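What follows are several structures.
In the two complexes that follow, subunit A is the common piece, with subunit B as its partner first and subunit C second.
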Partner chain A sequence: MAVTKEEILDIALLSKLWVDESELDKLTEDMAGIIAFADTINAVGESAEDFDNINNLSNVFREDTVVPSYDRSLILKNVNGGENGYFPVKKRM
Partner chain B sequence: MQRNESRIRRLHDLLTRKELSCTELTQKYIDQIESDNARLNAYVNVTPAQALKSAQEVDKKLHAGEKLSLLEGIPMTLKDNISTEGIETTCCSNILKGYVPIYDATVWKTLKAHNAVMLGKTNMDEFAMGSSCDTSCFGGALNPYNQAHVAGGSSGGVASAVGGNLAVYGLGSDTGGSIRQPASFCGLVGLKPTYGAVSRYGLIAYASSLDQIGPITSTVEDAALVFDAISGKDEMDSTSSGARETTADKLNGDMKGLRIGIAREYFEGIRDDVKAALENAIKTYEHMGAEIVYFNLPILKYALPVYYILACAEASSNLGRYDGIRYGYRAQSYNSVHEMICKTRSEGFGAEVKRRILLGTYVLSSGYYDAYYKKAQNLRGTIVKAFRSAFETCDIILAPTVPMTAFELNFTAKDQVETYLTDICTVPINIAGLPAVSIPCGFDAKGLPIGMQLIGNTFCETTILKAAYHYESEKYAEIYKELDLGVRL
Partner chain C sequence: MSYELVAGLETHIELSTNTKIFCGCTTAFGAEPNTNCCPVCIGLPGTMPKLNRRVVDYAILAGLATNCEISPISKMDRKNYVYPDLPKAYQVSQYDKPLCERGYITLSSGKRINITRIHIEEDAGKLVHERGDTYVDYNRGGVPLIEIVTEPDIRSIEEAIEYVEKLQLIMKYIGVSDVKMQEGSLRCDVNISVRKKGDEKFGTRAEIKNMNSFTFMAKALQYEFERQVDLLESGERVIQETRRYNTDTGETEAMRGKEDAHDYRYFREPDLVTIQTSPEDIARLREMLPELPEQKLARYVADYGIPEADAQLIVKYRKVAEYFDAVVSKIQNPKTASNFIVGQIFKALSTEAAKEELALSVSSEMLAELIRLLESGKINMGMAKSTLDKMLETGKHATELLSQEDMAGLDENALRNHCMEAIAANPAAVKDYQSGKEKALKAILGAVMRATKGRADAAAAEKLLIELITK
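== the complex of A and B ==
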C-alpha cells in the first residue's frame, strides 16, 4: 500500500508528534519502505490461525483491597516537587 | 580461570575464603570503569557510592561469619530501562533524562535482596529500539573486542560492560533479540527466557507481549545462576508464571539422545563464515551423541514483518504515556497543553522511536487495522503453532543468533528495512514466547565473535542451558578468548 505525505501528517497528529516540513519527504520515503515490507504478510492466504495470547495466559482477578499508595511528595519529586501538591502546567491563553 | 568455570562461583569463593573483601573487589571494578568506560561507552550512569555501600554490607556479613548466597557481593549492572528507585533511569532517551523512579523493578528488588552490588546503569538503544546501540542519546556502546565495531543492541551497554570486564554480569531486556544479539557480537552468553518466566514489573515497556528480562554473562553457568535468582511468579506482573525448577544444578549429564532440530530456513542468507561456524557446532553436538533432525519452517519468512507490526503497534500505545507532564523532559515554550505534549514528544524522542510510533499508529488506525495488525496477530498464532509442531520432533533448535558479526561503526544500511533484517534470526523466538540462549561458537577473520542460538520449548530453559553448557565445556579453548582488559580475577 502506498503511503502519502498527507497520511504521514495524519498519523503524526494521532501520535502527537510534529513532523517538520524539512523531514517530511525523507520520512514519507522511509515509511513507504517499511510499510511495503510490512505488506509482505498479506501474501499469506486467509488460513492464518486465530491468536489470543502467548503461552495460554489468562486474566488474573482478585478482590479490590486498599493498600497504602506512594507518598504524593515522592511522586512529585520528578517535577521539582510540583505546585500545591499537583503537577504544574503553565497557564496559556 | 580454568575452562568454563563460573565467574560468579570463582568470585564467591574468593569472598568466602576472605582472600578479597567485597569492598576491594568492588573498588577494582569502579577503577576499571573509570579507566575504560570512556573508551567503551558501556555505562551511562556509574553509581560508585551505592556500590561501595552494598559491598560494605556484604563485608559486614563476612566479618560476622554469616554465609553468603552465590550472587551476594558480585558486581553487576542493569540496562538503563530497568527501574531503580532513587537512581536515574533514562532508557537512553532525551525524553526521560532526569527521571528518577520511585520504585524498583522486581528483578532489581530480588537482586538487592541477594546483596548484589550494582555498579551503574548501562547504555542501550533508545527505548530498546535498535540493533547497534546507536539510537542511544548518549552515543553507542562499543565492542570490547574491537572498538571500530558496535557492541550490538539494544542491550549493547550490558554486553560491552560484561565483555570488557566492567561488570561480572548484567541484566538486559529482549524484545526481538536485544539480549542475544549483543551477547553474540561480544562473545558472551545471553539468555532470553520464556515469556512470563521473569517478571517485567518495572521494566520500561517497549512491546509488552514480547519483552523479557534476562542475563548477559561470560559463562553458561553464570547465566543459569542469575536466571534461577530472577525467575518466578510475581504478583505485580500478571503475565509472570509460577516458580519452577532451578537450572544451574542440572547442567551436567550428557548429550546422548538429545534431538537437535535444524530449520533449513535459518541457514539461508547468512554469511559464509557464520554458516561454517554453525556447521562445526552441529558436528560437535553429533560427536557428543546428539541426534540431528532437519526440517523446514517456511513460516519463518514472515516473522520479521509480523514482529515489526506487532512491536511497533504495542510501542505506539506504550509510549503514549510520555507527555512531559509527570516526569522527564518537557518542551520549554508552548501555547496550549496539546502543543506542549506534541513539542515535548517531538523534541524528546529520537528519529527511530518516532518512526516506530508512526508505524505502530498506522497499523492500528482505522482502515489498516485488519490488513496489518489483525493479520500479524493471526500469523503470530501460525508461527506459535509451527514451533509447537517442530518441538514434537526435536528437543532444541540450533540456529545462528545473527546472520553476521558485529557491524563497523560507520555501517550504514541502504534503508531502514536492511537494518531490521539483522534481527531475522532472533525475532521469531519473541513472537512465539520461547526461551533461547546465545553462546559463542567461533570467530570471524577479524577476530570478532560469532554467536549460536539454542532455542527451547516454553519453560525449557534447563534443556537449552544444559546443551549450551556441554558445548561450552567441549569447545572452551576455541570459543572463549580472554580479553586482557582488566579485572577478571
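== the complex of A and C ==
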C-alpha cells in the first residue's frame, strides 16, 4: 500500500510531531516499509479473533485495596521537582 | 418549517472505588496535587497496569440496573491522543468489546431511551491554569470511569434531562458512584442534531461538552438547537465538530476544528488480559442489586396505596426511601408514614442536600414509635403532628415529650362524658344547632377539646356530639 506525504504530515500532526520538509522523503519511505511488513502479516489470512487471547489468560485482577502512593518528590523527579507540587506544561508556540 | 431535536448522550460517571482502575493509589478527592500518584498512573515506561476487580463489578452492576446484556468476553483498548492531562498519550478504554451492551432506561412517558453500551476507562489528570501558565495534577489520572452511551433516541430537552436524572438516581441506588454533577463525578456530553419534522434522515451532529448542571444542560441544548436551525434556515450547513458550552456567554462555541479531526487509532491494550464474565458472576452481581427506584415506586403505589406524587418524592432520595421502608416495617399504615415524611419531615429538610443526606434528628424508630402511639389511639392526629414538630426540633423521643396524661387517650366512655358535659354547659349553642345553625356545633366541640386538653379525636367527638344532640 502506498503512503503519501500528506498522510505522513497528518500522522505527524496527530502525534504533535514537527516534521521538517527535508525529512519527508525518508519518513515516507520508512513508513511504506512498515506498511509492507504489515501487509505480509495480513497475507497470512488469520482473523484478528485468533490473536485475541494468545496467552490464554483472562481475569487477572487486583483487589480494591489502597496501597500508599509515592512521595511527591519522586513523582516530580523527572520535571526537576515540578512547580508548587504540579507538573508544569511547556508553552507551545 | 418546524424542526425537531435529535440527541444522544454520553455520560461519564466516576466510580466510587477505594483505588484507581490500574493501581492501588487512593481515589480520595481533594488531596494535595500529585500526592495520590505512582509510576503506573503517571504513565512511566515499563510499568504494568492491573485491573481493579471492583471496577468490573460496578460496571456490570450499572449494566444490570439499566437492562443491559453483559458481554461474556470483553477487553481493554488504547485510545491514542496527545494532551498534557494524559501522561501515556493514550487512554486505556474499551473499543469494540465493552462490558455491557443493548440496555435501556424507561422515561415516565413510557418511552425507552436505548443504551448502546457501557464501558470502563481511566480518567485523565486535571489541568490547572494560573497566570498564563498551565500545570497538571495527576491525582485524578487513573480514577475509574464508566461511560454510558445512548442511541440518538432523545427528542427534547425535557427527555434529555429526565434521562440523566433517572440514570443518576439508579447509580445512587446501586451505590457505584456519588454522581455529583457539580463535583464532576457525573459529566455529560451531548450529540445533537436537528431535522425537519417528519424527516427520517438524521442531520449532521455537533457534540457539546462541559455541561456540569441540569440548568446549563438545558440552556446549552436550547442554544445549540436554535443555532443549528438558524444555520439550516439561512441555507448554511452544520459542521460536525466538538463544541463547548460557555457558562458566561450562554453560548456554545467551537472547540476543535475540522483540521484537528481526531483519529484515535484504537488498538488492543497488550498489557491487560481478557475479561471473562460467567453466568455465575452475573448471577452473583444480580443478587447484589438493591430494589431500584422504579420498582420501589411501583410497590409504594400498588401495595401501599400511596399517591404517586408522594411516592415520587420519597423515591427521589435514596436515604429517604430507606428511612420510609424502615418506618413502614414497624407500623400498620404506610400512608401515615408517607404523609408525615412528605409533610413535616420534608419541611424540616428544607434543602435538596438535607433530603439527600437525610440530616434528621428523628430516627426511623422514633417516627415509628410516634405512629404506633397514634395507631393505638393513645394520641390523636393533632397531638401526633405537634409532637413530631417538637421531635424534629429537639431530637427527643415522643415518649419523652408527651406526658402520661397526654398518652392516656380517651376511651369511648370518657369521651361520651366530656361531650355530655359540654352539651350541658352550652345550652344556647345546642339550641342554635337544633334550629339549623350547623356552625354552632364548633363551639361545643371547642369545649370538648379544651376540657380534654386536645386528647380527644376531633372527628370522633363531632360525630358523638351530633348523635347526642339530635337524639
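Just so we're on the same page, the second predicted complex is superposed on the first by the 78 of 93 C-alpha atoms of A that agree within 3 Å, B and C clash if a C-alpha of one lies under 4 Å from a C-alpha of the other, contacts with A are read in each partner's own complex, and residues count from 1 in each chain.
As a convention for this text, a residue touches a chain if its C-beta (ideal position, glycine included) is under 8 Å from a C-beta of that chain, and two chains touch if they have at least 3 such contacts.
Keep in mind it's a predicted model, so treat the numbers as computed, not measured.
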Subunit B or subunit C, by number of subunit A residues touched: B
Touched partner set for A:Thr40, first subunit B, second subunit C, both or neither: first
Touching partner for A:Val67 - first (subunit B), second (subunit C), both, neither: second
Subunit B versus subunit C as contact partner of A:Ile75, first or second or both or neither: both
Touching partner for A:Ser15 - first (subunit B), second (subunit C), both, neither: both
Subunit A positions touched by subunit B in one structure and by subunit C in the second: 14-16, 52-53, 55, 57, 59-60, 70, 75, 87, 89
Interfacial residue positions of subunit A with respect to subunit B in the complex: 1, 3, 7-8, 11-12, 14-19, 27, 30-31, 33-35, 37-42, 44, 47-55, 57, 59-60, 70, 74-75, 77-79, 87, 89-90, 92
Subunit A - residues contacting subunit C, complex: 14-16, 52-53, 55, 57-67, 69-70, 72, 75-76, 82-89, 91
List of subunit B residues in touch with subunit A within their complex: 98-100, 102-103, 194-196, 209, 238-239, 241, 302, 304-306, 308-309, 316, 320, 323, 325-328, 334-338, 340-343, 345-346, 349, 354-355, 357-359, 361-363, 365, 368, 371-372, 375-382, 384-385, 415-417, 420, 432-433, 458
Touch list for subunit C against partner subunit A, complex: 17-19, 23-26, 32-39, 42, 50-56, 75, 80-82, 84, 127-128, 133-138, 262-263, 265, 268, 272-276
